[in-house]
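Both complexes below contain chain A, partnered by chain B and then by chain C.
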Partner chain A sequence: MTNVPQSAILAEEAEPKPGPGSQVTATTRPSWRNLNFGPRMWVALTIIFLIVLMAEVGPFVYPYKSSLKVGSLYDEPSAAHLLGTDNFGHDIIAVLMNSTRNSLLNGLLAGTLAVFIGVLIGILAGYVGGWFEELLMGITNIVVAIPSIVVLILISMSLQHTNVGFLKGIGGLALVIGITSWPWTARAVRAQASSVATREHIDIAKLSGAGTPSILIRDVLPYLASYVVMAWVLQLASAILAESTLSMLGLGPSGTDSLGIELHWALAFQAVSTGAWWAFLPPTIILTLISFSLLYLQSSLDEVFNPRLRRGKKKNLAKAAARRAETARKLAQQNEKVEVLS
Partner chain B sequence: MSDSVFSTPSRRSLFKLGGVVAGGVALAACSSKTASTGGASGSGAKGSLPGIGNNGQVGKGRAQNADTLFIAGFQWGPPTTYNPFSPTAAWPASNNVMQIVYETLLRWNILTGEVMPGLAKSYKVDGTSTVTLTMQDGITFNDGSPCTAKDAAFSFNIGKTNAGVTVASFFQAADSIDATDDKTLVIKVNQTKKNVGQVLRLLTESYIVPQKVFSAVAADKLATEIMTNPVGTGPFKVDTADQTQVVLKRNDSYWGKTFYGGLPVMNTIIHPIFKGNEDANLQFANGGLDIAQTFQSQIWKTWEAGKPTGTYLKSKPYYIPGSMPMLVFNCTKPGLKNPVVRRAIATAIDYASISDTAMSGYSGTVQPSLILPTGAEGKFFNQSDATANGWKYDKAAAEKLLTDAGAKKGSDGIYVLDGVRLGPWKIITPTGWTDWNASCEIIASSCKAIGIDVATNFPQQAEVTQAIQGGNFDLGHWYVAGVNPASPWARFKDVLSQAEMKPVGSTAFANYGRWTNPDVEALLTAAAQAADDTAKKAAYDKLDALYRKEIPMCPTMYRPDEFYEYSALNFYNWPDEKNTYAPPMFRGAGNTWMYKIKKIAG
Partner chain C sequence: MTATSSQNEAVASDGSVPVLSAVNVVKEFKVAGGHITAVDNVSVDFHAGKVLAVVGESGSGKSTLARMLLRLMPVTSGTIKYLGKDVTNIKGSELRAYWRDVQAVFQDPFSSFNQFFTVGQTLRRRMSAKQGDESLDELIERCLSYVGLKSRDAVNKFPHQLSGGQRQRVMIARALMMNPKVLLADEATSMLDASLRVSALNVLQDLRDRLGLTVLFITHDIGQACYLADEVVVMENGLVVERGLTDDVIFNPQNAYTKRLLADVPDLKGSLKSRNN
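What follows is the complex of A and B.
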C-alpha cells in the first residue's frame, strides 16, 4: 500500500471524480460530505443517538420515575410495565433509562479525564524528550504494570467511606476510572508527538519565537487530533465497562442507578435461577450496544482519518482502482514526455 | 493498564460482546426452561401424604443414596476443626447449630416456647435460686464411653477459666454448676440478676463434651485446638470431610434409640460445600438437596415450577419469624442523639417495601416493639400501646416531626436541626447479606425522601462487626437476640442495656449505639426476675413503652431464626403447618424430624 502514489490517493478522496461538466456540483457539495462517512459510521451514530435519546429524553416522558415502587419483587413484564419490575419493585424501563444516563455520564467524565491526562503526559514526554520523557514514560510503565482492577477496587472501597458529595456519587467512580486508565493513551500520544516534534514546521515555530505551550497546542496537538478523538471514543467505552464491572462487584456508588448496579442486584437476588430475565438482560443488551456502537464508531473514524483503511462497495472500489490506474498511466505518460523533451 | 478492560478494544471485542448477549439470551432461555420443565421428572402428585411439597407433589425417591440426607446452608468453606469451642468450628460442631454430633442438655422449641428434654430428661426450677437437671439413662459418647453429669458440669465450667469461649457467658447468669452425682446437675442462679431464662437459654445452646478429651487440652489452646474426629453423644460421627463436602455416618450404638423411638432415618448425611447461596439454591431446586437453610429469593417459584419443595408455612411469609434485624442509631453522633430524629427516621422507613422486595415477602408487618408479635413471644406483645404510641411508615408524619422540632430544610434539600445538618450519614451492613443490603438501600432512599442525607456502605463482615461493636458508625443494620428461652428479655438487654454498654472504641456486645438512660437497668432487672407471665408482661410493657419513646434501635423486618426449606424428592413427612410434630428448626428441638421423616423408596 505504501507505494501507491499520493496523487492517486487524493484522486480517490475526490470520488466521485468530477467530470468536465460537473464543476458546479462539486463546488456546491457540503464540505462534511467530503469526510466520506461510510455506512458503518451511520449505523454507529444511529445507535448512539437512540441510546442517548433514551437516556436523556426518556426519563422526562416516561410515566414512572426510577425510584418509584410500582410493583413487587421481579413482577413479570405486563402491559403496564413492559419489562416488568426489578428486585426493589421499580419499573425496569425507568431504571434502565436512568442507569444508561448515569453510565454514559460516567463514561464521558472518566473517558475525558483519562484522555486529558494521557494526552498531557504523552505530548509533554514526546515533545520535550530527554530525561523528562524517560521520567514520564517510567511512571507510565509502572502504572501499566499494576493490575488496574486491583487499584480500582481498592480506591473504590476507600471512596465508600467518604462523605464528600461529589466523590460518593457517580463522579467519584468516574474520577477513579479516569485516573487509572490513561497510560495506554499516554504511550501512543508520546510516540506520535515524538514524531511530530522532528518536523520542519516545529523548527519554524521555534525560530519565530513561539513558546513551548504555544507549540504544543498550535503545532503539535492538531497533528494528533485524529488519534485523540479515536482514543477518546475508546476511553468512553472502556470507562462504561469499568464502571459496570465495579458496580457489579458491589463497589458502585450508593443510591444511584447504573447498568452495573442493575446487574449487581440481579445477581444478588438470583434473577438467573428464578428466570427473571428482564432483570439482567436489558442492562446487558444496553451495555453491549453502547460498547458495540462506540467501537464501531472508532473503527469508522479510523477509516475517515486514514484513507488507506477506507472500504466501500466493490463497485466503488473497482472504479477507484481504475481511476488510480488511469492516473498512474497519465503520470507515466507525462514522465515519458518530459524525458523525451529533455 | 494491563487489564483487558482498559486495553485498546479490537474487532475481536465485538465478537466477545456479541457472545455476552448470546450468553445472556441462553441463560434466560435456560432459566425459563428449568422453571417450566425441570420439576416434571421424578415426581408425581401424592397429596395424601404428610409433609410433602407445597404444591402437593412428592418425588419417587432416589435410586442411589436413598438412605442419605443431603443438607446445605451451614458450611461455606473447607472444614478445619470440629472443636466446638473454636470460633471457626465446622458444621456440625459449630455452636448451637444442630444436635448431630454434639448434643445439649435441653432443647428449645421455637413454635411453643417449650424447653424440652435433651441429654437431661428433666429439669426443675426452684424459684430463682437453683435449677436442677436429671440426666437421661445410658448416655454414651460415640467412642462408647459413658457421658455423665460430671461431663456436663465440666462442659460449662470450662468457661470459668476460659473467658474467650462462648460458654463463659453462662457465668454471667449462674454462679456455679456442679454434678452432685453421675445423673444430677445443680445450677446456682446468680442472685444479683436472678435471670433463670438466661440460664435455661444457655442450657439449650451449649454442647456437652467429654471431660477426658478436653481436660487434656491446655487452657490457652482450647479455642485453637484442631480436632478432626469429634467425640460427642450425637447420633452421627464425622466420616470424611474435604473442601467439597462433609460426610457423616450414623452411630448405630446411639444412646437415644429409646428416647427418640429409634435411630435417625438416614444412615448418612452429606453437606456439600457450596461457594454461596446461589449454587446451593440451584442444587436445591434441582433435587440435589433434601433440606436447606439458605435465603432463597422467591422460593415459591420452585414449587410453582412443579418441584416437590416445601416450607413450614404454606403461604406468605412461609417461615416462622424468629429474629428482628435492627437499624442501630449511634446515639453519640450529633443529630442522631436527638430522639426526634430517630423517631423521624423510624417513621420514614418504608417497611412494606422491605418486606415485599428485600425479604421476598418473608416478613410480616413490622411493629414498633422489641417483642415479636407472633409465636412464643406473642403473649407479651401489647398491640394497643404499640398502635397508640408507636410509629408506622408515613412520610408526611416523619417530616412533620422534624419541622415541629424546629428543623429547617437547607438549599440542598436536607434538614438542619439545632444547627446540625441531618447527614451525611452512612448505614453499614456486611457485603453479601443480600436482603440486609437491599433493606439498607430502601432505608437510605426513605431517609432521603424526607430530607435526611443517608447513604449505604457494605464493607466486609469483620469490618462491620468491629465498627458496630466499637461504636464507630453512624447507622448500622445489625442483629440482636432472636427468639430463645430468654427472649424477649435478651433482646431488650441487647438494645437497652446500660450495664453492658462500653465507651466508643471498646468492644460492646449490647447497646451498640451507646444510648444512655438512668432508669432502664432497674426495669431490665425487674423483667428478668419476674416470676410468672403476668409479672413479665407488666415489666415488658414498661420496657417497651420506654423503648418506643427513645428508639435507640428500630426493627426493620422479621426474619426466620433459620430458613427451613425441604424437598420431598426422597423423603416425606417433613414438619409443616399441617404436620406439626416438630418445629421448623435445625438446632434445638429441630432434631426431631431426623427420626420421623420417611423414605419414599425402599
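What follows is the complex of A and C.
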C-alpha cells in the first residue's frame, strides 16, 4: 500500500511550490484513486524500496563504519566482511551503503532541480506562447546544443576549487547536473502545456477573473502532473548515472563516497585486472538496479496515467481531435450505459 | 411555452450606442498550404436588452466570431467596441474588467471544466463570499436553480460525474453568477432535452426582460433562434448573408441560404404563427 501516497508525494515534490491557499494537491487527489497499478509497478517499487532501505537504514544496523579501516588492500570476502574490503581496507558493504545513500541523494537533488527548472520554463513557454515561447525555447535549444559532458567537466572541475563545503561535496555535483539536464523536460512540458492551453476551461478561468499565476498552478499544472512525475523519475535515473560517470572519470567530489567514486577507485587500483570483483561488481549492480527500476517505474507509470492528456503538438489540430475524441468517448459511454440499462 | 409578448415587438437599432459591436472583423487562420478566412468582414451590433441570434451551419465561423468578441482570440483586422470604447487591444486589468461584464457559455461542456475541480470549486472561483445582499451559497443555489439543478446535489460533484447536459447547465449557471451585462451563449443548449432547453431559453429571456441582459445566442438551429431572438444574423462561410428582425427573416427571407435553413425546419412558420396569435 505504499504506492499511492508515494506517487502523490512524488507529484508534490516535483511541482513548483503552490501559492498559499492553493488547493492543487487537494484537488488532484481524486484522480489518484482511479489509478490502477500493474505488476510491473510493484516490481519497480519493491526494488526501489529495498535499495532505499539499504541506503538509509543499513548504516545504522551494520556494525562497521564506511570510514573505518578494517583490513588491507582488497581483502577477499570472508565471514567477517562478506564482500571483503576495498583499496583503503574499508568494509565494502559499509562503503556500498554509504555510497548508495549519497548517489540517491545526488539524484534526488539534481533530478528535482532539473524538473523544477524544466517545468517552470516549459509551462511558461507553452502557456504564454508567442515570442516568449520562441525565446525560452531558443534558450533551451542552446543548452541542448552545448555538449553537456564538456560543461559538466568544466564546472565540476572549477567547483573542486571552491571553499563552500556544500558545493565541494555531492551537492555541487548535483547542482551542476541539475542545471544542465533540464532541457528535455522543458520541451516535453512545453508541448503538453500548449495543448492544455487550448482547452476551454482556461478561457472559463479567465472569464471568472483568474490571473495568470492562478491559471498556471490550478488549471495547467494538474493536467501535466503525470508528465511531471514521469519526467522526475527519468531525471532521477539520469542524474544518478551522470553522477557516477563523472565520478568514475575522477571529476566527482573528493573525500566522500558515491557509487561512481567507488568505481573510480576500483579502476585506479586495478581491481578489474587483479580479479578483485568485490570492489567493482557491487556498485555496478546497484547502479544497474537503480536505473532499471526507475526506468521500469517510468514505463509502468506511462500506462497508468490517463492517456487522455497525450496530445499532439499542433495546437489546433490537437484541439479539434481531442474534442472529437472526447465527445465520441462520451457518446460511446452513454451508448454503453443505455445498452446496459436496456 | 411561455413566450413573452415583448419579443414580438422586436426592435432594431434606434440610434442608441450598441452595448457591444464588431466592426469589419476578419479572422484568418493559417493552415497547411495557405489560409482560410473563418470570419470575413463581419459587422454586428448588440443592443442593450436584446437577444441577437447568430445562425449558420457548422464551420460558418460562429464560434470564431464569439471568441473574438470575448477577446479570447485576436482579430486579424477590425474593431471590437464595448459601450462605444475600442476594446480590441486592451490588456491586463482593463481586460479583466471587460470579462466581468461580458460572459460566455462555450460550445463544448467537456473541455469547459477543469476536471480537477468540483462544481462548487468551479463556481466559487474568484467570487467573494458576499455578493450584494446574498451569500455566495445563496447565489450559487439561485443560479443553479435557474437551470434546474439542485445546489446540494451538484456542488460536490466532479465534472466527470455529471452528464453532458448537466455540465452545460452548470456552465450557464456560472456565467449567470457573474451577473454579466452581455452573455455570449455558444450552442449552450445543444445537449439539453426539449423541456430543459425551453426552460434554459426562458431563463435567458427572463433575464433579458428583468435585468436588461444582452444576449448573443449562437446556434445552428434556426428554430431556437426564432424562439428567443429579437434579431437574427445568418452566417455562411464566414460571411453575414442575411440579417434583420426575427420575424422578417423567417417570414420574408431574402437569401437562398436562409431559405434552405428555414426549409429544414418544416413547421417552424406554423408554430410561430400560432404563437403570435
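Operating definition for what follows: the second predicted complex is superposed on the first by the 271 of 342 C-alpha atoms of A that agree within 3 Å, B and C clash if a C-alpha of one lies under 4 Å from a C-alpha of the other, contacts with A are read in each partner's own complex, and residues count from 1 in each chain.
The rule is short, and it goes like this: contacts are C-beta pairs under 8 Å (C-beta built on N, C-alpha and C of every residue); 3 or more make two chains touch, one makes a residue touch a chain.
None of these values were measured; they are calculated from a predicted model.
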Comparison of chain B and chain C by chain A residues contacted: B
Which of chain B and chain C A:T327 touches, first, second, both or neither: second
Touching partner for A:N87 - first (chain B), second (chain C), both, neither: first
Partner chain in contact with A:R190 - chain B first, chain C second, else both or neither: neither
First, second, both or neither for A:R218, with chain B first and chain C second: second
Touched partner set for A:L241, first chain B, second chain C, both or neither: first
First, second, both or neither for A:G209, with chain B first and chain C second: second
Touching partner for A:H201 - first (chain B), second (chain C), both, neither: second
Of all residues in chain C, those that touch chain A in their complex: 29, 67, 70, 72, 96, 99-100, 103-104, 106, 108, 110-118, 121-122, 125-127, 158, 164, 171, 174-175, 178
Of chain A, residues touching chain B in the complex: 67, 69, 72-74, 87-89, 143-149, 157, 160-161, 163, 165, 168, 180-181, 183-184, 234, 237-238, 241-242, 245, 250, 254-255, 265, 267-270, 272-275, 277, 280-281, 284-285, 287-288, 291-292, 295-296, 298-299
Touching residues (chain side chain A, partner chain C) in the complex: 23-24, 27-28, 30-31, 199-201, 203-211, 218-219, 222-223, 316, 322-323, 326-327, 330
Partner chain A, residues of chain B touching it in the complex: 1-3, 5-9, 11, 13-14, 17-18, 20-21, 24-25, 27-28, 31-32, 34-35, 277-278, 281-282, 285, 296-298, 301, 350, 353, 356-358, 360-361, 424, 426, 431-432, 434, 437-438, 441-442, 444-445, 448, 455-459
